[in-house]
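Okay, here's the structure, questions in a sec.
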Amino acid sequence: MKKLLDDPENAVDDSLTGFAAAHADLVEVHGLHGAGPVFVSRAGGAVAGKVGLVSGGGSGHEPLHAGFVGAGMLDAAVPGAVFTSPTPDQITPAIQAADGGAGVLAIVKNYTGDVLNFETAVELAEAEDVQVATVLVNDDVAVEDSLYTAGRRGVAGTVMVEKIAGAAAARGDDLAGVQAVAERVVANVRSMGVALAACTVPHVGKPSFDLGEGEIEIGIGIHGEPGRQRIAMTSASEITRLLLEPVADDLHVASGERVLLFVNGMGGTPQSELYVVYGRARALLEERGVTVARSLVGNYVTSLEMQGASITLLRLDDELEQLWDAPVHTAAMHW
Amino acid sequence: MKKLLDDPENAVDDSLTGFAAAHADLVEVHGLHGAGPVFVSRAGGAVAGKVGLVSGGGSGHEPLHAGFVGAGMLDAAVPGAVFTSPTPDQITPAIQAADGGAGVLAIVKNYTGDVLNFETAVELAEAEDVQVATVLVNDDVAVEDSLYTAGRRGVAGTVMVEKIAGAAAARGDDLAGVQAVAERVVANVRSMGVALAACTVPHVGKPSFDLGEGEIEIGIGIHGEPGRQRIAMTSASEITRLLLEPVADDLHVASGERVLLFVNGMGGTPQSELYVVYGRARALLEERGVTVARSLVGNYVTSLEMQGASITLLRLDDELEQLWDAPVHTAAMHW
Amino acid sequence: MTLDAAWARRWAAQAAATVAAAKDDLTELDRQIGDGDHGHNLDRGFRAVVAKLDATPAAADETVGAVLKLVATTLMSTVGGAAGPLYGTAFLRAAKVTDREELDAPAVVALLEAAVEGITARGHATTGEKTMVDAWQPAAEAAAGADGATTLAVLEAAAAAADAGATATIPLVATKGRASYLGERSAGHEDPGARSTALLLAAAVAAAEEP
Amino acid sequence: MTLDAAWARRWAAQAAATVAAAKDDLTELDRQIGDGDHGHNLDRGFRAVVAKLDATPAAADETVGAVLKLVATTLMSTVGGAAGPLYGTAFLRAAKVTDREELDAPAVVALLEAAVEGITARGHATTGEKTMVDAWQPAAEAAAGADGATTLAVLEAAAAAADAGATATIPLVATKGRASYLGERSAGHEDPGARSTALLLAAAVAAAEEP
């Protein structure tokens, strides 16, 4: 394992130190180097009268979530240890920092750890008189939503939820309104991912899972956990088909509908390959009569340096399209 | 080698196909799939009366250069085969497409191949009555600029040249003016990079150079070529020092001066590590009394999925700062 | 041998030592069917617990519950992941039923039952889902079944049952937690949380056996 | 054996076959001290040359120069990198001095000297810098020195000298091209462009020896 780190135990803090310095115009990072519970909030504090947006989860998925703190998106983000949900004592002050008096929406990816820690944190924040609503993101079609799993995971579709709910909050929707928009995104977004090579958690020092030279993992999560199915390496066209079809089928996207097509890199795959997948996915959608009205291609929800990609589809309507297009100014998304 | 590609021989075309579809509002891609010489131009064509900006080079460095085509930056980009300079028959029509009647500035990274192919292309374009000026980017301090090398290479500093010259062209400077600004950036920008792991060119199928598990290459270029020096793996702080000091020394950056600090990822290194390097580099600069007035952190000039990073410093003055801040709207840079 | 507050403090210290020694093994179990952080997370938590206890001198009339509450809140705020809130809740509920200076055999049973209730209330898992419940639940049952035995024997029965329960998770297919995403592929691996539960209860026994 | 336009076409075809066969070896040389694309680039170029020649029927009075010019422009527009313009210019300059239907021995010398001049005019390298000049220059000199020999013998002398020149680049430290960035570490490896030059001249001989 070769990584640009000093002590792997301090990797998250050291990285946030650089992040805070590079983006002092956008964010404030609290609690670094043992000063207290770590969380990231918007520079200048909560916006009075605006619904606050908070998200969080294990580190190692950068730019998610801290890279999305800023105007038009999140008001606070809570990074846990690498691939480990943050704790309530981090989340509660982040919720408080995001509260501009209009309440806070917590955007939680559906993982047992995230859900449990946010649950406790929300209870504590409510005890401090902050009004909190929660939305659970569970866009990963690789996982069956059945009695036999912890339910679908939240993966790359989280970016769509954060961007669009952020725009709704920025235009002045109240807490119930922002929550409703966020839930509409959740209801209309689906994803699935593939890993060509696993990543290595700094303090573990060996790959999150073992994958042979000729094998790939279909249906991976973003927490360095193995996928649903291991198959032999194949072409980009075939891999795209294996990801796109379950996503499109599960979303029941019909001919004539408009979608946002998001090809997300897991961290270690070059952009050029992501565009190959994007091109193939778009062609498959066009074959189905689906219009790709908006696009996003890049590393937004990563698993450290994992090699691979995920495909996300969001069914669009005029309002979601407008909210997607609305201005955003964060470290990782800016238009 | 596992890559999200179909036929490695068509990797560049397949990727550009996706790129063109994803960014049809920004770019037009010409000549794909055997239709003719491949180049990328601004959607809507050249801007009348504005100096056109063209750059190009081997593919595999995405988002450089095609990702920087758009308002406030490049008017055309010319992607060669992977790590191979494009040919004159691609470059000449790109220059013509970029010409809005006020002439064209060609931004060329200093590599023998790039220089020779652009030379011929410029001659051919001039024969077609386009006024062309050329600026050579040679920011890589890892290479000695002596009789005993092909001169310093152009690496990540190219982004600064393209952004700032693009802003000068956008504000209406004439060809000589844009060229002068570009040359001022070249004179004030220096870079150096490190590789933790080599990348693999798709059609070659094995790593560009051999690097042991405990070794790193200091002073790498961006063309998958090995570096200047091989050393044992060490900490982020030490690696940052080994890159930053030669860069700062060569630039003769003095206490009280302002710089832009750019930490560039080579493609396969997670963003979190880039921010660790950024934090360390910034601290070293502050020790020298240098003010980091602007920052850029991310994958902008890559070598496929190479693991590593480079550090670039640009000495700023009021004008360069304003031009850096000026609006830009391209696939990879937008503010 | 009395199960008093000093025992509870020794338990925490023993647990910290055991987890530190087993850290890599637990992480490796989690790497197989999870995300490879369980050992590391628990180790971070129990190191914080030890630091917290060291910084909190024992009152003369300290209760077992007071110690367990401190363990609970520290785990909650330092472990993260699924295990943090689950262990946190387990110790918090256990603290609530042990607000006394010394535990007898029925109190040990009550402690374990409260822990199980806390975990299932938070995590909604039942036995057979390949989670820490598969260690805690048999432990509580074995304790309850060791009717009339000494407190130490009750504790020993619980620890032995937890150990067996952890081993018995190997063939199971996970239906809760991160391992559930693997479906059938989760079979053939021991659940890391069940194993760490067995280690924690073994530490309780070891702490009781100390002079 | 006449060195006419048909020979020039056979030369191009032979070169294409040779380069295709040596593609991986040339790329491996370039991987050692460059960026690992030389064999691939040349192969792409010569495949295009063959296609272009196939699509361009020979005129009855076709000159050697006409064929070489076609080779030159095709290489220029398909090879890219450093080698594209350098080989392109070499063949373009060679075409200029071979605008006749058949070459005699002095014409072969002129062809080689024009090629060398073209390469050095574009690349500013001299011998000893570990580039293709280290194969072309001795080739031209050997041809000039093979005074009074048959045209075939002149060509053979050139090819042999290019081969020896390529081998002699092994100990050199590069001061031009991408290999120069490696400094001292470039020593101990053969220059890929010098090796491909030797292959191209060997192809010229083979084409001359064909019926």
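Lettered A, B, C and D in written order, each chain numbered from 1.
Keep in mind that, in the parts below, contacts are C-beta pairs under 8 Å (C-beta built on N, C-alpha and C of every residue); 3 or more make two chains touch, one makes a residue touch a chain.
Here is each chain with its UniProt name: A, B = phosphoenolpyruvate--glycerone phosphotransferase; C, D = Dihydroxyacetone kinase subunit L.
Bear in mind that the values here come from a model prediction, so they are computed numbers and not experimental data.
Ranking every chain by how far its Cα centroid lies from the centroid of chain A, the top place goes to D.
With centres set at the average Cα position, the gap from chain A to chain D is 55 Å. Averaged Cα coordinates give chain B a centre that lies 32 Å from the centre of chain D.
Our note on geometry: chain A versus chain B, Cα centroid distance of 29 Å, whole angstroms.
One simple way to say how far apart two chains are is to compare their mean CA positions; for chain C and chain D this gives 76 Å. Contact with two or more other chains is made by no residue of chain B. Because contacts link the chains only in sequence, without closing, their graph is best described as a line. Two chains count as a pair here when they touch; such pairs are A-B, A-C, B-D.
Interface of chain D with chain B (complex): residues 27, 31, 33-37, 40-41, 44, 76-86, 122-123, 173, 175-178, 180-183, 185. Taken in their complex, chain B has these residues touching chain A: 2-6, 11-12, 14-19, 21-23, 59-60, 62-63, 67, 196-197, 213, 216, 233, 235-237, 239, 267-280, 282, 292, 295, 297, 299, 302, 304-305, 307-309, 334-335.
Residue ranges on chain A touching chain C, taken from their complex, read 37, 58, 80-89, 111-113, 116-117, 119-120, 142-143, 147-150, 153, 201, 203-204, 206, 208-209, 221, 223-226, 228.
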